[in-house]
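To keep things clear, I will list the structure first and then write my remarks on it.
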Amino acid sequence: MEPEELDGTVDVAAYGVPYDGAVTNKPGTRYGPEAVRTATNRYSRVFDSDKKRYSIATDRTASYDGVTVRDCGDAPVTPNSTEETYESVVEYAETIAAEAMPVMIGGDHYLTYPAFVGYANAVEDDIGIIHLDAHEDIGSSDLYGEHYHGSPMSRIADTEYGGLENHAMVGIRGHSRMEVLDAIEEEGLHIEYAKDVHEKGIEACIENAIEHATDGVDHVYLTMDIDVVDPSYAPGTGTPAPGGITSNDLLRAADRLGECDAIGAVDLVEVLPTEDPAGTTSLVGANALSRFFESYFYEE
Amino acid sequence: MEPEELDGTVDVAAYGVPYDGAVTNKPGTRYGPEAVRTATNRYSRVFDSDKKRYSIATDRTASYDGVTVRDCGDAPVTPNSTEETYESVVEYAETIAAEAMPVMIGGDHYLTYPAFVGYANAVEDDIGIIHLDAHEDIGSSDLYGEHYHGSPMSRIADTEYGGLENHAMVGIRGHSRMEVLDAIEEEGLHIEYAKDVHEKGIEACIENAIEHATDGVDHVYLTMDIDVVDPSYAPGTGTPAPGGITSNDLLRAADRLGECDAIGAVDLVEVLPTEDPAGTTSLVGANALSRFFESYFYEE
Amino acid sequence: MEPEELDGTVDVAAYGVPYDGAVTNKPGTRYGPEAVRTATNRYSRVFDSDKKRYSIATDRTASYDGVTVRDCGDAPVTPNSTEETYESVVEYAETIAAEAMPVMIGGDHYLTYPAFVGYANAVEDDIGIIHLDAHEDIGSSDLYGEHYHGSPMSRIADTEYGGLENHAMVGIRGHSRMEVLDAIEEEGLHIEYAKDVHEKGIEACIENAIEHATDGVDHVYLTMDIDVVDPSYAPGTGTPAPGGITSNDLLRAADRLGECDAIGAVDLVEVLPTEDPAGTTSLVGANALSRFFESYFYEE
Amino acid sequence: MEPEELDGTVDVAAYGVPYDGAVTNKPGTRYGPEAVRTATNRYSRVFDSDKKRYSIATDRTASYDGVTVRDCGDAPVTPNSTEETYESVVEYAETIAAEAMPVMIGGDHYLTYPAFVGYANAVEDDIGIIHLDAHEDIGSSDLYGEHYHGSPMSRIADTEYGGLENHAMVGIRGHSRMEVLDAIEEEGLHIEYAKDVHEKGIEACIENAIEHATDGVDHVYLTMDIDVVDPSYAPGTGTPAPGGITSNDLLRAADRLGECDAIGAVDLVEVLPTEDPAGTTSLVGANALSRFFESYFYEE
Amino acid sequence: MEPEELDGTVDVAAYGVPYDGAVTNKPGTRYGPEAVRTATNRYSRVFDSDKKRYSIATDRTASYDGVTVRDCGDAPVTPNSTEETYESVVEYAETIAAEAMPVMIGGDHYLTYPAFVGYANAVEDDIGIIHLDAHEDIGSSDLYGEHYHGSPMSRIADTEYGGLENHAMVGIRGHSRMEVLDAIEEEGLHIEYAKDVHEKGIEACIENAIEHATDGVDHVYLTMDIDVVDPSYAPGTGTPAPGGITSNDLLRAADRLGECDAIGAVDLVEVLPTEDPAGTTSLVGANALSRFFESYFYEE
Amino acid sequence: MEPEELDGTVDVAAYGVPYDGAVTNKPGTRYGPEAVRTATNRYSRVFDSDKKRYSIATDRTASYDGVTVRDCGDAPVTPNSTEETYESVVEYAETIAAEAMPVMIGGDHYLTYPAFVGYANAVEDDIGIIHLDAHEDIGSSDLYGEHYHGSPMSRIADTEYGGLENHAMVGIRGHSRMEVLDAIEEEGLHIEYAKDVHEKGIEACIENAIEHATDGVDHVYLTMDIDVVDPSYAPGTGTPAPGGITSNDLLRAADRLGECDAIGAVDLVEVLPTEDPAGTTSLVGANALSRFFESYFYEE
């Protein structure tokens, strides 16, 4: 259904953004929405009936009667213009967020910026960020300027409703920049590194992230860059980084994040189907979304 | 050699079933036997000499002098008929089982049904099942009926020699069905979920499975659906499910299962070479078979 | 720059050897140097400036001012002659080693033999070996003779400066040979098996390896066969073996090995780009090299 | 739109049949409808406006105002039952044919049989066949029986409205069977072999085929097996046969066939996306359909 | 060597532009320069010696003593900015064109616009265009605006030195637009359609194109979109169109075009290595360049 | 069956040589015999029965009753030794040639040298050569020496039974060497270039080749390098050259060559399965062999 057809009776409204024009490395995440949708087919049956469901993965039973999930198709994009695509996504996200919980499927990580702005325009309030990623994405670059897939967290921090003091990252390991130290020490950014996950376990890291992101705010935006997962589980991404968390870590993170009611918007980005020979990357991403919502709407 | 040439001097007789007509998802496991055979080349030297062997993977030394392993080729299949293929596999399995330990290489998981029946016809006794899989495969479906690759465990339970009370599953995580709860609570099915393996370790789970499956029976059929392993290790399968066990878990399971003398028949199914770009999936399957038999015939 | 242009001002000089003529299994590691170089692009920025760097992967800050890394291109090879390629690599390695720390990028593992000899000719002293691999590579073969990619460790042991008593292997699991037991029991070879890594952790295993390899010698040659990593992380190799260590284990091994000042030469071999559909194997190899040198030149 | 929503205002109604259960060779044509639809995106603009169009490929101008083309989605299939799929396709085809010109996208070539029967049920009259293929598909087989992808032309000939005397084949080259000679000499089958196309040109062959197929009948069913084209142009098919016609031959055939008003139903089958690495096969198929309809509805 | 190092002693200076940001379909031509360079390795030996060469492909002997060809590396690009890339390519092309014959390797076809402008800035005179392509690329689009890979010929026609009256296209077949008819009838555009090549032969078509493009001008820019060749020969391109010319047609076109002394700049664009599984597309492109220059500098 | 089991009752005895150690470009033809054998499955039925067969490809009927074809498996190879492999192939070929017509499936083109020598040892007489190839393969090289896949025709010419005066090449186009002119003008080499095939047709070229090769000799060795066919038909080869003949040209060449009774040995080389994504290359090669023997044993 179209975003403007939403009338408050839908709980979750997904939309795709087939855009990769802000990528500086391998292109092709424009095919991400199509691949993730195909991969969700196996999981979509959970919410489409009034029957009780037994989830074998988590060994618990639930009824999702009354939970409605819809696909609002792809936001219009202009393949050769980041600016026009930005405007389109802001509008799409805002229209959806006014009536349902928006779930954006990218596309490259720059798209989190307009998806956040659209959501923020709808809630008009401070918003925390939980950000699963191999990279911190707070860069600016002499070469790429301020608007590329490595910069969205800085653009969000510049907005009225964002800010690094409520931004918690999980799984970071990929790059080397002094700016990150500044952001941690001076602006309140919280990071659970990949090595923290290896040492403390994913649950503890997610606990910390939730605590930090929700401190003093009522709304949280959850963004999942698929490259947070190790390339063995998710080869299909443009900037893979070895040493990542397992896909099971991501699924358990999704279980725990689903218990955080403050989360009001979600995205999944950087799935690159052209480097995903067996389709396992989009499968992990789709499963993480499914596990998140199974937990989010779970009632004993 | 042909099954009818077996005369009791062969210990293990492998056969392929290049059939995927009972698949409801991605086809192509018809190429499984060919791929698994190629992958076993590296392991086959273990049993073909009278020399003592030092196994570097397990750091122990053994002589397999006297153990004979043979390949009986592929059972005849009719690509467009599940019924005819069923009959052919039952006959092939029964002929082999009368003289040697049968090892079936699939093909899709439906084939475990005729392979079990052939084995049961030979032993004419109650048979327990140890079943490594991401999925419980006890479905029946309005769409697919009773005979497809998601139903073999129910078909086996319906036979004279089967039954869920001696059926132990390991690694399950993939689907969501209320029927499974019934099977557990009312029919005695035992499940070690994938998350149990993550939490308790594979050895403990296999211990429990062996205990359950052998309780009161003298014969056990071991079936390994390669999708029990996480897609990062085994992308080449038609119904991959994230959150699985590691390939090392499977190898250690094989070591432990090899100590269970009650096991009298084995299969390996759902290897899908067309989604296995680097051949790692068939390699894991072949290695699991090799490790199982190294343990099974091990004598200090 | 060319090896003969080195004048003592360069710290690390990498060179490729695009040769796979000593392989007995899948060919194609001749494309390894090209793939590993491409994958190092992301890591090369660490050493090329005088700025302090914050490494997000290890959460520590360092300045590499004064450390100079150069690429000396590929050593000449004769695709159809192992003998001529041997001579060429010895000369290339020796020329480089006289002026800088040589880093050889293979090519197949036989090349460690000439790379070692070239290094040994330069240092003219006993050399220990730390050897990360799935296989022990001390074979000789009726079929392949003494000069193939499964034999370099025996050829090295035969040289004046080598010897198994200072050879420590880590991650071994792949083959089954009685010769290995002899080498351990009679010649002092030390092995940390893959299962030791699974049980004791990579740090403890690397500690033991360093201790053994440096016992009584001042120089150590570090050789990394990418197949030490499990095929899920490194599918692109010619003799993959399930049950391996994780890529994160390799990265942490590199961190620890970088603290061993005795290491004076390094290689990375057996990367097979034609079986590496998403490029993850060469990425892991490149990252391991980067992590090793970040640690090696780290100053608090 | 659904077939039952058609009300006579639509000219052409396409539908997919994602079924390959009657294949005896490589599976995977179940993905054909999806791939062909994606490939038609480039061509679909021709019919969706009231503007005059200049076709650069044929250098002529036309207005397709008033021509309506719709996609009726996929006919329901049962992946593991040829019989049930047969029934479903007959019904789908018949419902569509009652209101519009049906265009079936397979799937394997067996599906031409139910698609023909559905069309025949709607027209209730004798129907000629124009059949572009590498193979004559009039087989019956001891192994596969009467219902597989090599037999549909015999099954059609057995129906009330079919018959080989109005069946014209073009491009045949693939198999060797005496039955074909009988069909030609005794039942009136007409064949333009692939070598006839190479020698006489595609136009002359199509002329002959139209003449034969329309002789005495008012309705013609056009079936295009993509393997009629040489594997260099169409690698993505399960039974490729070298020595085929060019893709340009197929496009020019489509131009000429579009002038044959008797054609009342069309299909395109045997597109195998899993063997079509660059998507060129589905592109050729989609372009052939487009060229056929541009010619069919062309008015100067 | 760098463009600014050119000093008039080099005859041909090639440069790459790894940019695909103006593409509206499949991305990835950013890898084109790398792939084409690798493919030219086989042909580069022709010009690097003073020996007479016997060309087996054309059965004639020539000496290219005195002809100097150099690679000037890649022009700087900004992956997320068409405007900045435009400026960079204009400057690079102009610097090169002042001293040597520039050969641009794309990248997408939009890049012909800045490459032409750079060349035009150097010659400061009217320039004809010979344009081999499946598409006419004179589009403007409500969706993509004026600056994308389907519009460069219009942008060139808008410049001081361009103009459709000296623009000759060869191989066109791909799209359907009324604007093309206007360009032909009112602006003097000349088209040799793909079907003209099939009917008249490539030599005749190239003759006509040269005659049209050189009519009244002293300089000609030759642009080769690899998609002019049929997808069977060149699958690796983003907008493939069946019914194209053969690769041998392209090679013979290159032979004939090499006799046209007015040609002063050349480009090869739209090679998409990620859709070119066997590397045949970049091979055809590289061979066409080689054949052009063998003919261009040929002296009996 | 083994070569030594042949007893004169077999007409044609095929054998593979899985060796590519003499290749100087892309490795992988070691997988050629396996791929070609798989591809011949479709054609093998022709000769295995006493029934009359109607060949649809050539539209003629024949009975091959009495013709016996056998596969003698692979000759032993030493992957890292061209010398040892040479010896092995000579012996294998000679043993076979003493009792049946040998058909060697490579492997790289160097193998034609030992396969020729083995055949020559059996016939002990002058032997003409018909050689289909993109390259003339009479090179010697400063870099590779005298024994690599570009030199076999010179090595054969050096033997007692070879000589360029009875050597006819067809399809040549690939390299540029003055030596070839000498061979033509001084040693009697005859070449039908690829452009001759394009201009005169394949039949005329084959006529000329047969005439030249059989002039004064009673025995002819036929060698087919698959790269004689254009890369669009045969991408799977290590040294592809655009501008080649079509696969249909090769099939028609096989038809005509089959009428030349002097041909007493055949080979097919340079099939590279790892660059053959849809298997079309090995299919063309297998079909050419099949067409040759259908013609060779044809009796009206």
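Chains: A, B, C, D, E and F, in written order; residue numbering restarts at 1 for each.
Just so it is clear, a contact is a pair of C-beta atoms (placed from the backbone, for glycine too) under 8 Å apart; a residue touches a chain by one contact, two chains touch by 3 or more.
Chain labels with UniProt names: A, B, C, D, E, F = Agmatinase family protein.
Quick caveat: nothing in here was measured; it's all calculated off a predicted structure.
Q: Please work out which of A-B and B-D is bridged by more C-beta pairs in contact, and write that pair.
A: Counting C-beta pairs in contact, A-B comes out ahead.
Q: With over half of the numbers shared counting as same, classify the subunit E (Agmatinase family protein)/subunit F (Agmatinase family protein) interface as same or different.
A: different
Q: Enter the angle, 0 to 180° in steps of 5, of the rotation superposing CA atoms of subunit A (Agmatinase family protein) on those of subunit C (Agmatinase family protein).
A: It is a rotation of 120 degrees, to the nearest 5.
Q: Rounded to the nearest whole Å, what is the centre-to-centre distance of subunit C (Agmatinase family protein) and subunit F (Agmatinase family protein), using the mean of the C-alpha atoms as each centre?
A: Averaging C-alpha atoms per chain gives centres 42 Å apart.
Q: State, to the nearest whole Å, the distance from the C-alpha centre of subunit C (Agmatinase family protein) to the C-alpha centre of subunit D (Agmatinase family protein).
A: 58
Q: In whole angstrom, how far does the Cα centroid of subunit D (Agmatinase family protein) sit from the Cα centroid of subunit F (Agmatinase family protein)?
A: 38
Q: For subunit D (Agmatinase family protein), write out the residues touching at least two other chains, lowest number first.
A: Residues 230, 232, 277 of subunit D (Agmatinase family protein) touch two or more partner chains.
Q: Per the touch rule above, enumerate the chain pairs that touch, sorted by label.
A: Pairs of chains that touch one another: A-B, A-C, A-E, B-C, B-D, C-F, D-E, D-F, E-F.
Q: Which part of subunit E (Agmatinase family protein) faces subunit D (Agmatinase family protein) closely enough to touch in the complex?
A: 136, 172-178, 180-181, 193-195, 198, 230-232, 235-236, 240-244, 275-277
Q: What part of subunit A (Agmatinase family protein) is in contact with subunit E (Agmatinase family protein) in the complex they form?
A: Listed in rising order, the residues of subunit A (Agmatinase family protein) that touch subunit E (Agmatinase family protein) are 20-24, 27-28, 30, 78-82, 143-145, 147-148, 274.
Q: List the residues on subunit C (Agmatinase family protein) that touch subunit A (Agmatinase family protein) in their complex, please.
A: 45-46, 51-59, 61, 230, 232-233, 247-248, 251, 277-280, 283-284, 287
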